[in-house]
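Labels run A, B and C following the written order; every chain starts at residue 1.
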Amino acid sequence: MRQDHLITATQLSRGDIEAVLDRAREVADEPAAFADRHAGRVLALCFFEPSTRTRMSFDSAAKRLGMDTVDMGDVDSSSVSKGESLSDTVRVIEGYADALVLRHPSEGAATLAAENVSVPVVNAGDGAGQHPSQTLLDLHTIRENHGLDDLTVGIMGDLKYGRTVHSLAAALTEFDANQHFVSPESLRLPRSVRFDLHETGAQVREHTDLEAVLGELDVLYVTRIQKERFPDENEYHRVAGEYRIDAETLDDAADDLTVMHPLPRVDEIAPDVDETEHARYFEQAHNGIPVRMALLDALLENAEAAEGVEADR
Amino acid sequence: MRQDHLITATQLSRGDIEAVLDRAREVADEPAAFADRHAGRVLALCFFEPSTRTRMSFDSAAKRLGMDTVDMGDVDSSSVSKGESLSDTVRVIEGYADALVLRHPSEGAATLAAENVSVPVVNAGDGAGQHPSQTLLDLHTIRENHGLDDLTVGIMGDLKYGRTVHSLAAALTEFDANQHFVSPESLRLPRSVRFDLHETGAQVREHTDLEAVLGELDVLYVTRIQKERFPDENEYHRVAGEYRIDAETLDDAADDLTVMHPLPRVDEIAPDVDETEHARYFEQAHNGIPVRMALLDALLENAEAAEGVEADR
Amino acid sequence: MRQDHLITATQLSRGDIEAVLDRAREVADEPAAFADRHAGRVLALCFFEPSTRTRMSFDSAAKRLGMDTVDMGDVDSSSVSKGESLSDTVRVIEGYADALVLRHPSEGAATLAAENVSVPVVNAGDGAGQHPSQTLLDLHTIRENHGLDDLTVGIMGDLKYGRTVHSLAAALTEFDANQHFVSPESLRLPRSVRFDLHETGAQVREHTDLEAVLGELDVLYVTRIQKERFPDENEYHRVAGEYRIDAETLDDAADDLTVMHPLPRVDEIAPDVDETEHARYFEQAHNGIPVRMALLDALLENAEAAEGVEADR
């Protein structure tokens, strides 16, 4: 990966992705070799929207590289509430840190931040936009279980909202995966996302029923259907019930089917699935550590190389 | 201590307790010897209820062992508010850390967490349940001032609510202490706690008046009487006034009486007590550091030993 | 600097200030030499009022000295909300840390804290009182751009409220600077501050118009005019518009004029100023790191020396 920042998954070529995932595997195999790699470096955690697991995961990843972190804290208590612009905020914070992780409610926020600072910026979610480190850890989980070639992947649940799904689907086209999208009519992939997938020549099919396609899948990626999307609560319960899986559902699946979920889950995956060999969603969450370590390591390495070049001039 | 987790004070034998307190004394005597002991390890702070001093104390203890910490932050902004189960939350977080400290409003939460993760869990308070590291630092303070043999301890204030008191009383029975409980009638020890103490053959007496027993005490443990417990504010003020001590109150006490309080205090101990030789409540709070360092050190040592055994298989 | 605590800028002599700023320059020149200087030491961040940049800046400064930090968190969730006194709170927290940074809404809070603990206390703002580390980083920025001799400084905006301005003005008298104060009539320097400045024999003039004095200035220090100060919104907009600068305003300034601002800014400085050579407000914010590193380093060095003396007795 030769990038200065990580803003979208689509900025990464297949080669870039594989380089990060190779490094993530190295990290997982020999964490001690990375434990002091960036000692004395500071990562700023700038979450303009609440986050538990993404924030904790970057925090832990940084510390396992020997870095320290400084946290912006809640937006309510920040200078933002006094009317400061995002570009001013990040230009101040870059003075406190060697890299920034940014989550922000507005699409494009990470791009704006990256244009205003000279340290690496990682987009940890910008509105309905991108959340590329999630996509990388999803791909890492798939790769560790099945490799990334000749894949058949099912993505189920709320396909309309949810940047996770759109970003993963886009990345999978780089690997020529067969993709099946399973959702109620009202939560289909947005037309624009479908269009972009077709443009790349991707193998995309849509279904309203998991049964039709379950047996073919290497990976089933389940997402949460949110109550707020339904004007009528009964309608929500009917739909949520149809797109819920349990251990019995998986009787018809291939033995080596991998079930994933970006978490938190509520009811979409019954607890009895946890006990099966299919369940990989906690492993997937845990993969956030080596993948984000690899990502930060690569970005800091690039930044240091760039500094070196400048210093030599 | 040969435990994997610390869930209740009652899981600890007299020998276990003494082993932790011995280690705490070593830590206090030679902190530098422990400064890098767990470098590279990460402790997750999971406080589902607000806490200042317990959280800061564990945070500082971890860092004085060379560890880093990652903090779950407020529950409002966490996945919990999206309906995630406690077991899912801790199963995700165990991937970010080498040990977990958990505070939760529900009794039994720490046990549930310990059953779901493979890293050590320390209970930092679960509802009306247990808060065992507080008990250990209380015992450490008593031991450093009086030893743990032939003790006469008075516990005063709100004995009805308050896990601190119940947990300390239970632990003191391991050391055959004479225990005097001083409270208004309406805030007596709950029947079930009295019953459990009697079952162990403990020396337990109850009083409504401190004067009757003050002269005999080695230790006076004062707790806060909370306004919320009283339907009538006048009644609260009357009662709180009666169970408040000041320097003059202590004229009738033994010269080496140790006054303790789990803090925060409001009015129960007048500031003029702070200047007397009896006051040990700040020392008691500070003992949180060596005791929690000793505790984390012991649990991590056990976890590493267990890993070693597994690796050898 | 031979002080135990940093409570006010006025406690510092010209020599003290220069010693800290010399050290800050050393830090900026060779940060690696300071990277492990206080390894194993813990700094407690006690912010009883929200703060983003001051808190993050101390947090980062501590970590760049090899220290760890523990954060008190929000006051709402702290023992304070149970009615604990400030002196109790800091007496507990001193047991968790080797130094304290304190922000508090009440004037005099830092002095009270310093009287109650035996570790160094840094005042990070106490009500309308002092915020001395801000003054030091302001002076550092001025010194790095112009030196501190023969200065002519203009301070513009809200001069009535705002401890930053009062504290800087007081410190500048130590260096015999010419000071011009530019503000609307309603936001003039308070009489008491004017009086104190005159007492020291300082060169102080007041203006309602920047134009009259701009050409003479080495430094223009702009502050935010807050809407809340004006009963009438139209009046606010009229005034704020008059004391706003843009690139064109600066056409009449000296080539080497340094424009500063404590940030966050809203509208007082137009974005087109950012592109000019005059803009130094981000550099000023970044100077928080070396200056606070120098400050913590000096205070910890003094504390260790004092301990050494005590140990030898």
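What we mean here is this: a residue touches a chain if its C-beta (ideal position, glycine included) is under 8 Å from a C-beta of that chain, and two chains touch if they have at least 3 such contacts.
Small disclaimer: the values here were computed from a predicted structure and weren't measured.
A.B. asks: List the interface residue numbers of chain B and of chain C, divide the shared ones by all numbers used, and answer same when the ratio is over half, different when under half.
C.D. replies: different
A.B. asks: Go ahead and align chain A to its copy chain B using Cα positions, then give the rotation in degrees, nearest 5.
C.D. replies: Superposing the C-alpha atoms of chain A on chain B needs a rotation of 120 degrees.
A.B. asks: Taking each chain's centre as the mean position of its Cα atoms, how many Å separate chain B from chain C?
C.D. replies: Chain centroid spacing, chain B to chain C, equals 40 Å.
A.B. asks: Would you give the residues of chain A that are in contact with at least 2 other chains, written as numbers and ranges?
C.D. replies: none
A.B. asks: How about chain C: which of its residues touch chain B in the complex?
C.D. replies: Residue positions touching the partner: 40, 42, 44, 68, 70-73, 76-80, 82-84, 88-89, 91-93, 95-97.
A.B. asks: Give every residue of chain A touching chain B within the complex, in rising order.
C.D. replies: Spelled out, the residues of chain A in touch with chain B are 32, 35, 50-53, 55-57, 59-60, 63-64, 74, 224, 263-266, 282, 285-286, 288-289.
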